[in-house]
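Two complexes follow with chain A in common, the first pairing it with chain B and the second with chain C.
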Partner chain A sequence: MTAGNWPADSRLQARTDGAEIRGVPPDRWRDTVSFLLQHGYTFCGLHVTSPAGVVELRAAFIRDGAFHMITCQPDPQQAPTLIDLVPAAAWDEREAADLSGLVFSDHRTRPLITHPEQLERWTTSVRGHDTHQVAVGPIHAGIIESGHFRFHVVGERILHLDLRLFYKQRGLERAAVGKPLEQALAVAQRACAACAVTNSVAYAHACEQALGLIPSSELSRTRTALLELERLYNHLNDIGAACAGIGFSPGNMIFATLKERAQRVNRMLTGHRFLFDTVQVTRSDLEISEHSALAARRELRDIRDAAERAWHEVLFHGSVQNRFDGVGAITAADATALGAVGPAARACGLAHDTRSATPRLTYPDFQVAAPADPSGDVRARVEMRALELPTTFELLDSLLARAIRPAECTPGHEPIATGMAAVESPRGRTFCTVERDGTTVTRLRLRTSSYANWPAVALAATDNLLPEFPLINKSFELCYACCDR
Partner chain B sequence: MTPSEPWWIALIEAIVIVNILLGLFAYLTLIERKVMGRMQLRYGPNRAGKFGLLQPIADLVKLIRKEAFSPASAIELPYILAPVVSAFTAIAAFSFIPWGPGWTVHGWRINGEVANTSIGLLAIFALGSIGIYGFIVGGWASESKYSILGSMRTCAQLVSYEVSLALSVLGVVILGRSLNLPEIVARQGHFLPYAAPEFIGLIVFFFAGIAETSRAPFDLPEAEQELVAGYHTEYSGMRWGLFQMAEYINLITLSGLMTTLFFSGWHGPWDIGPIWFLLKTMAVLFVFIWLRTTLPRLRYDQLMRFGWKILLPVATVNAVVTAALVVAFGG
Partner chain C sequence: MRGDATAVAFQFAGLALAPLVPGMIQMVKARLQGRRGASPLQPYRDLRRLWRKRVVAPHDTTFVYRMAPSLSAAALACALLIVPFAGSTNGWFGSDMLVLVGLLALARFATAAAAWDPGGGFSLMGAGRDLMFSVFAEPLLLLAFVLVALGAGSTDLVQMVAAAGHAHVASTPAHWCAALAFGLVVLVETGRQPIDNPDTHLELTMVHEGPLLEYAGRDLAMLQWTAAARHWLVLVLAASLFVPLPLTAPANVLALAAVVTAFCVAVAFVETSLAKMRILRVPVLLGIGIAVCVIGLASWIGGGAT
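Take a look at the complex of A and B:
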């Protein structure tokens, strides 16, 4: 798209390789978004920032690996809403309203981060014979983060599910403000342990884009290997978790064992099971000897063989397949509207994977995996993980074919004030925006794949039996901490 | 003529059997956790005592010391009585299971069962039916959503499978020509285990029995990952312990009943009486544990379909065919 295609009153603020930022008047905000959507852009995230005390609304979109951000300065009491155009922006707008006091027009904004006592302020009103509510959480039996689920049910069938997450707002994004770019990396990383590498790489890429740097091929190789190591243990864990959801202990235990083995490979290579502190901004300090890389490849081949055997066991088990089939289905249209990403979206037939267009990482000839029957149900979501595992194993085998050495970025394009990055986590696209003043962070926005997918969980639960919800939830296997940023 | 057992021997026997049963229950939990652990590539309990042998005692101490919490909205009397009813009926049902041929020591008769009655089989089913009330009432009296869902499932599942369970033993009753369990065992000793002629009945009994004892893969009333803990979600301490005890003793009783009805009870190649009974019962219990470790839980509609559309017709046909053959060939 060239500048000439944009609505007339949009104003180019900054442009660099792979990113363009435009300012639009508040009354053209919605038209510009419609324009972008019509031209094949996908919504990535929306946030509020207030440079020099003026509230600014920012929405980011992606197409073919290139980002377009639009900004406007709305009337704080009458900000234009995007919910009808982009339902996926609902949580972003509610969060922005809660954190900045912005009031969006045209819809009743329900609180997201604040938790009012009155039930009617945050739940959907459901009436009729025999309807009742079942409340689950926020404290759960397992060692998991806090999250409340309010089920409206008839008998055991779910009519509607209201999610109430965001219990522990840690203020991570606020904590990053004022920190040097390098130091704020720790804040992004700690948003979630299971996606620590993804968050770190997304943050590092955003910083590097803002600084006008591009990773060297060695740096790109190192980060890709780390991302795939993270994907590996997460996918193994997620398949096991789905087996646990139906009380299928053999599947759960085998995949839990494989996950543990994968995490031991992580520790052997990087010193940390969750790969913490392996990513730096503008460089990589990680060093893996040829000997360690070779040992890791050998162990990964063993894990691959075991994972294939275990997956065939799961496939062979008719009872397991019967429990997965047709449960918690969402359509491709709903997944698109809600902005679902990752295996959950691909299970519906949406062939989106950030890895297929990511110039800052090493994914040559990457092919997006697709299930044979993209039914969007639990079976398809679990199958997606199994389908993606061979690619991950192959990538790791080639990425670890030689020693990994410290590496740095090189100057590549014009620096800008705002950098954006999207990285494919095990759960889908994680989007990060970093605004800077010199080498200091002025705004950090991390929209993780879990954040993007939670609304789809609520939809998938509808019209299913209440006891099926844990299985549906595990088939997405999302993170609560990603909301408690 | 064989002298009858005096009441005081029956009383001592009852006390001994109840204690053996409770000990078996305690160590069955350990065996189950050990076997499941090994099948799932882990060790199982191994910290309390050598090989974890003191784990059941540690569990007991923990349960006794734990607060018996009850929800403020619980309906108190039925809430407290429900686990007691379940535990009592479970223990009482075992008293009809014959574990030996009986002996005469110094002229005193010692029976191979605590209670010998001509309707022993019916009595076990009757006590089992009363025990179900404990599970249903406990969940209902908890005034909790998940508990009531567990109770409703208990009610539907146990009523559905009880029909198949009763029909599955009809063939054995026809062949044994008695509802008296020692007589059924004695007849198998002279003939052959009824597992052979009543193989279909055995299969139906096995599946219906798993459902009746709410064991995996038919553990829908509890469904740990789905319903928190089903009907006993709101129970803790020894009240919860009583429910657990009832479930495990029901399982032991069911295994004992299966040994009695289909595997010749205490009979075996060598005359070691109760040891045979114990070995056979333990073998059946192992299969139950094996199954729990191997299969995923069924969905509710799958469970109901299996019960009403497969087990019930098969059990009915089996009973009718057995009756026809007995009439045709004179037993």
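Take a look at the complex of A and C:
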């Protein structure tokens, strides 16, 4: 995991299995990032922290499941920006600017979390004959979280979409500071209900890496099973939601039913439909008897058959094909630049899946699913969910072959002050950083897959018709609460 | 033509029975989707609830906005009183199909104009789409009527209905082309899938629901009744013009009820089995309907020459 010759002036601060942290001077910040990108590292998060009152900028990169974090102490009025090198870091930098008052040099940071009243401060100016704006939200007609979409359109065609999320910032990351590692898990988990397990496991892994612990094989089996149960009900839900987006009720109803059945399996196994409170730091208290596991496997096999039949019905329905094909397409290059992850990225042909390199989880011989036609449109994104379901069903079938017992971590490597973890949620890679002082959290940063994918939604809407937007949005099916963390 | 008392009574009954049609469609749809669904009387409950509520109008709206619900409801009420029952009509407003087309256009104009008054983005978007559709839907309706009128030799609805019962009219290709086109008219006028989705209030996709967005209380009740009346009107017309029904009073009404019920089920089936179309494909679909009408027209001219 060494990356050739490091640029001069970079100083190794800490190193352990799967993580390396280097300090760089602010003027070498951008060079170091270019160096990492050239060596095949992918950007996975940037945040600001201020231990001992000094502002520090941290950027994390991942390659083959191993992390590389670089950190610098910039001039708070002139921090070096990355957005031209890594467009995916745009939201991270805007968030850092809003939350810590850091000013990035060489570009005007538009606010992300604070919401100025003047339109020109946060929207893109669009000029020309017959262009106008359509504002939707933050209050919507459906039961949905707050998000404001400002469309710049000509007639029905979308020229540009400005997103404004972050309406209900809960300050979760700040709430975690000062809490014992064990307790702050509840805070990380509550970032989002639909990815509760992913968030918890990412947080637990980050803590365990910081503490120098490795999950036992039993523990990693439990967590993998929980992650796949979460993926199952999410994917079933997402396919149904896409059908609802085009008013195709049979598809919507059948997948809603299957999702409900999957959630009842969750409740039977763990006592909670959304699998809340099933993950603990350094251990697992979850106990599933052989009998329950067997019943779950039987029900899951039933759900699998029904889901396969239903997907074929949906796939070969002419009026559905008409709506899905060629709508909301993004190219692989754009997806890479914007840092899109998960099914949305795989639908454009990027074979990225965090599950293929996760030493802390049980994914033997994992094959990244790929669509037959990686067109990056709504069809490809919905199809990705259907393509990933068989793997999930097979994994669950083997993971639940035995009873699940409480398990613990074992000491494995050197402890480190900052732990990092990436876990594949139903929507893609969720990245978590935990900085600690002893057993107390000093900084938590949770960058969920929804957070990573939102900029791609805005791009996918471009050049499509206004009435297609709900469908495009649903094909990503991202979470608003993941921003309001 | 002065109608008998039974026909007049049934025409007035139509005003009251209209909400049953969307109620029935919704019920069948729910059953087809595996839901229990509301009773077919649900539209009446909604109307009662809304009727008791005060009217609230946005600031700075003028009479254009305030008049629209009563104007469109009145237009549809007149239209319902024109449609003949049991081979006769009351004759108060005549019974010419052109009047009917005009009344439907008037109702559409009233709601579209009302959308411009408060200037809300979503109402305007809905109204704009509705008007775009109507550029194609109105000629389609007119052409379908004309084809039937050609066979009947009159634009009088009473004679058009009577002609539908004659085998020599009902068996012409022109009549069948008109029936096909009228099927599309039913979907457009009722605002049903695949053209529009009556169940969605998803802001960006609304067509017919858009202009109704700002209305409340009695105004909304009137607009909802108008939508129900459109359902009643087009389904009753479809049954009268294209299904040979007995023309005497009790038999006609019973047969009509059966056919309209069957049509409700058919609409529910279409709506359940098809996703909503892409919005810019709708004019193409309606254009195909117009082409069918033109073919029908050509066949009538050709057939008339021999």
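Note that the second predicted complex is superposed on the first by the 481 of 485 C-alpha atoms of A that agree within 3 Å, B and C clash if a C-alpha of one lies under 4 Å from a C-alpha of the other, contacts with A are read in each partner's own complex, and residues count from 1 in each chain.
Just so it is clear, a residue touches a chain if its C-beta (ideal position, glycine included) is under 8 Å from a C-beta of that chain, and two chains touch if they have at least 3 such contacts.
This one's a predicted model, so the numbers in the text were calculated from it and none came from an experiment.
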| item | value |
| --- | --- |
| Superposed partners chain B and chain C on chain A - clash or fit | clash |
| Contacts of A:Phe248 with chain B and chain C, given as first, second, both or neither | both |
| Chain B versus chain C as contact partner of A:Leu213, first or second or both or neither | neither |
| Contact residues common to both interfaces of chain A (with chain B and with chain C) | 134-135, 141, 156, 243, 246-250, 253, 257, 317, 319-320, 322-323, 465-470 |
| Parts of chain C lying in touch with chain A, wherever the complex brings them together | 29, 32-35, 121, 125, 193-194, 197, 199-205, 272-281 |
| Chain B residues within the chain A interface of the complex | 36, 39-42, 145-146, 149, 216-217, 219-220, 223-228, 292-300, 302 |
| Complex contact set, residues of chain A against chain B | 132, 134-135, 141, 156, 243-254, 257, 317, 319-320, 322-323, 465-471 |
| Chain A residues within the chain C interface of the complex | 134-136, 140-142, 156, 243, 246-250, 253, 257, 317, 319-320, 322-323, 465-470 |
